[in-house]
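Below is one structure, written out as structure tokens, with a few remarks after it.
When the chains are written out, they are named A, B, C and D in that same order, and each has its own residue count from 1.
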Amino acid sequence: MARVIFNRKISSDYYRMRILCPEIASRAKPGQFIMVRITELLDPLLRRPFGIHRLCHERDKHTDNNSPSCIEILYKIVGKGTIVLSEKKKGEGIDLMGPLGNGFYLEQNIETAVIVAGGIGVAPLFSLAQVLKGVKGKNTSRDKLTIFIGGENRKDILCLNDFKKIGARVVVSTIDGSLGTKGLVTDLLVNFLRKHSPLETKNLKLFGCGPLPMLRTLSEIAFYKNIPCQVSLESRMACGVGACQGCAVPTEINKEGDRVVLYQRACKEGPVFDSTIIFWDYKSILLKV
Amino acid sequence: MKQLHKKIDLSVDIGGLKMRNPVMAASGTFGYGEEYEEHVPIDHLGALITKGISLKPHSGNPPPRLVETTGGMLNAIGLQNIGVKALIKEKIPNLMKFGTPIIVNVFGSTLREYGEVARILDGIDAIKGLEVNISCPNIKRGGISFGTDPRQVFKVVSKIRKASALPIMVKLSPNVTDITTIARSAEEAGADVLSLINTLTGMAVDVDNRIPKLGNITGGLSGPAIKPIALRMVWEVYNKVNIPIVGIGGIFNTYDALEFIIVGASAIQIGTAHFINPSVAMEVINGLENYLRDNHIGTIQDLVGSLETPTFSIL
Amino acid sequence: MKQLHKKIDLSVDIGGLKMRNPVMAASGTFGYGEEYEEHVPIDHLGALITKGISLKPHSGNPPPRLVETTGGMLNAIGLQNIGVKALIKEKIPNLMKFGTPIIVNVFGSTLREYGEVARILDGIDAIKGLEVNISCPNIKRGGISFGTDPRQVFKVVSKIRKASALPIMVKLSPNVTDITTIARSAEEAGADVLSLINTLTGMAVDVDNRIPKLGNITGGLSGPAIKPIALRMVWEVYNKVNIPIVGIGGIFNTYDALEFIIVGASAIQIGTAHFINPSVAMEVINGLENYLRDNHIGTIQDLVGSLETPTFSIL
Amino acid sequence: MARVIFNRKISSDYYRMRILCPEIASRAKPGQFIMVRITELLDPLLRRPFGIHRLCHERDKHTDNNSPSCIEILYKIVGKGTIVLSEKKKGEGIDLMGPLGNGFYLEQNIETAVIVAGGIGVAPLFSLAQVLKGVKGKNTSRDKLTIFIGGENRKDILCLNDFKKIGARVVVSTIDGSLGTKGLVTDLLVNFLRKHSPLETKNLKLFGCGPLPMLRTLSEIAFYKNIPCQVSLESRMACGVGACQGCAVPTEINKEGDRVVLYQRACKEGPVFDSTIIFWDYKSILLKV
């Protein structure tokens, strides 16, 4: 069974947990997730999904083995499941399923990437940044990877220094202006893209994770600028493996010339989707998820 | 009390369904098998029941489709399925490779549709039985479920009986005043087996936004919360019919499975528990074997309906 | 968003029952008040409903009478009560001192008994209403509960309507196919209020001894496990009747109470939760006040049935 | 809220927990019990009843105040509630209701008392012995208080030294003979009583707690010897305060000349009952409680 290495409060509502689970860590890709059994008792009943925040090695075991032995999750306290999770102690066993779902699709040569994170949406994006930055000193130029992080206030801005450390450019905004620019993170993105010529944005890729309204705006920006954009969506999950059809996300696909709506499973076909296939008009319901 | 590790025979034959053990995966909770391939040794299961299938594909209900409740969950997946033709073409070949008996869960929104689906599935070698979901809304009768009216149940089951030579298991709805009259209708119409219970209709509200927590407003309650109701219904039906019963509802461990068998179930299905513990079916299979051995009981059959009830009471 | 601490008015008048707030203690879970005297400020309750009372005393069911289930409990107390005369003589005087409206829960095993109990209770000043438990086995009809047959419900309620001038609240059984038809029968027969739900019939088995865990074999399931079913039923009934509804089933906190009010309950009852948290009613009363204040809602009535349901769907 | 002072494993399946709860401790009488909320979550759902094992003062607060500030419970791990309870840590808050029920009825002058305990039934009997032995050096003669403790094997014999320390005579039996005399504790009691003349047993009082078959035998012995006997019974409980009627114990009472069966509440009229009023023939059902 997987084991908790640490479980730290990193700010008022946010925790970071490192878990020793070589079988999961060695296979995990950015954008994939795990399903965590919160308790052996039956309240809360269902497992809870968390994105893979970071891949790393157990501290005291510096092996030559290149494949990571640990994963980290970064989570926000929102209800009883996350409360109970935050009480787990170092050394305790923890029951995980994973890695699950399809991660971000990464072509061989991504020239420039822009990551947009809203609040706790930053969680799966750090492992993405780790991979985008490559293994040994590749893509070290700050221009190649920019992270936009937005939140309600300064407390919601996570991982700032972590992103800087791996050599990414970081741009911050908060709704209340308590850190970075005051306003929406997507407005900063629009400004940023305006400064680049179509030629410059030609080989750009967009990646996003965060609240649905943010992702929708991001998707619209990508559409108008004609930039490929992948978004990681949240949905209520029960099985996490594609068996229950519970995590359906409405997508629009082309069928015999018509655009038809088709439900896809966030846990199996997702959680990462190409932003153009999401049926965003559905938001009025989705927003309430 | 250690004794020689005698092999216990868990195999059952219920109404023509032959299984190596009485533990099945319930419809809608185990996908088409392939989803759990990595997590469960599927060939160890007694049988695998597919997600409910209809004549034409359905896209299902709007999200959110799930909500957790205390000791249970509500689902409102709706009719989402790929349709019977795609099932045969795309899913059955893969399912066959597990070597586990496949039972197809079927439904329709008209009597005719039930019959047609059954006919299309008849004669497909890999399919060992049909489970008829009668909890589906009957479009002709204003959306009232077939499964709550004994006459409708008789009609649906008769229709399928004529269309198929496969063993027919009729899955009963718990949302009824008297489940035994429904059970008897199904028996009279030629059902080989009865399975119960399907989910209880429930609801949950998001009080911040004052909207339902499910896109479909209501959904089906499953999980340990419903086990006491399911047990009572299996016991009631066991006392009224002569065909085998398959117990379903909140089975999470060996004890739960034993409760159903003791009140009268010849086999059981596990649903929601897979989501929490993918090893649950394997644990129950082992647990049943141990219970039989420890209690010197030869076969599962000897345990079925072995409940002793008090014969006296005090005024 | 701090604003002046304006006093919120939680009082309700439902079918002639006037209460300072919509939170009542459910029948059978709060004894005759005196048992919780030390633990709960009873005068803060909207109303207190007594344990079900019949014409003659009953000794009740053999033990064990309780069993815990996941997220709920089964009880098979049976008809245990001291009889209506002893209630009036021994319990009512003490109950009066709390200054809380007293509602007496009544039942009978014949139509006649229902009527007589109601008549005896009529005109007793301290009693502000009757709650009619129609989930009781009808001896004449082979033990089938009155509450599952609309015609029987009509008869019982009519009988009581004639026997009493008090506000009559009819408590519905959830063990039925369509609770709305039962609800309408009660309304037509002159009920002032409907309360729902009573317990769902369930069962549990001791697998070591292969006997039921309850002396009475089956019992009534209560607690959070049944909340989704109760909510769905309140919502269904709200959409079909014109008299006020009192929501019951698994209410453990303010959110639970709000869910019931939003789907259509004008007041709520708390049962099982008292056992786990004797302060629950006080917490809910405060919680409702805070919710109304935070959401700028003037009265509870404005919240009743305020559920917004999606108006569109995708095929 | 009450607070855990310690929660110690005392042998394989048994734990002893000391709880700071001055309001309960100051009012508690031997034979009364508390209802413990095991978790703030809903599994397990109901509170669990435990007898008051011992009354004492918080170690580091030796006040002059005579009334105890702490209670102890002694409990056996039998299911999920007691498992979760055993995981409570020192310093944690714990939600209790109590003291509940009627304790043992103690007349002013109890000359000689015999206590019979089976297994975990010893739990409430220690506080009884404490009180029977009086406050300061009263009743110090060993002859005045005898404790019979029975169990399956030596592991089930608890509190031996505690009873000795307060100056009681202790007699032990185990079914497997691994400690004390081999056999049933009630057989030892029969031998003991045989050695005393009716005159000697005249002012004797019997007290018992343990498995139902033991209590039934004890009650028969008391009946034949005409010795007053009080037994503490267990029953499934929900409310613990008399409100739900769930914990009914069948008793036989005299009503207009007839012996009629009447259910009494273990939590309210009990858990301690005069052994002659219990309807023991009911055991076939009660045994399964």
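Simple rule for what comes next: contacts are C-beta pairs under 8 Å (C-beta built on N, C-alpha and C of every residue); 3 or more make two chains touch, one makes a residue touch a chain.
None of these values were measured; they are calculated from a predicted model.
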| item | value |
| --- | --- |
| Chain pair, A-B or A-C, that carries the greater number of C-beta contacts | A-B |
| Distance from chain B to chain A - Cα centre to Cα centre, in angstrom | 37 |
| Averaged-CA centre spacing for the pair chain D and chain B, given as whole angstrom | 47 |
| Rounded Å distance, chain B centre to chain C centre (Cα mean) | 33 |
| Sequence positions of chain C contacting 2 or more other chains | 59, 62, 70-72, 209, 211, 215, 223-224, 310, 314-315 |
| Residues of chain A touching at least two other chains | 42-44, 250, 261, 282, 285 |
| Topology of the chain contact graph, where touching chains are joined (line, ring, star, complete, other) | complete |
| In the complex with chain D, residue positions of chain C that touch it | 28-31, 35-36, 38-39, 51, 59-60, 62-68, 70-73, 75, 77, 80, 206, 209, 211, 215, 223-224, 252, 272, 274-278 |
| Chain A - residues contacting chain C, complex | 42-43, 250, 261, 279, 282, 285 |
| Partner chain D, residues of chain A touching it in the complex | 39, 41-44, 80, 84 |
| In the complex with chain A, residue positions of chain C that touch it | 70-71, 310, 314-315 |
| Chain B partner contacts - residues on chain C that touch it in the complex | 59, 61-62, 69-72, 74, 148, 175-178, 200-205, 207, 209-212, 215, 217-218, 221, 223-229, 231-232, 235, 250, 255, 258-259, 262-263, 291, 306-310, 313-315 |
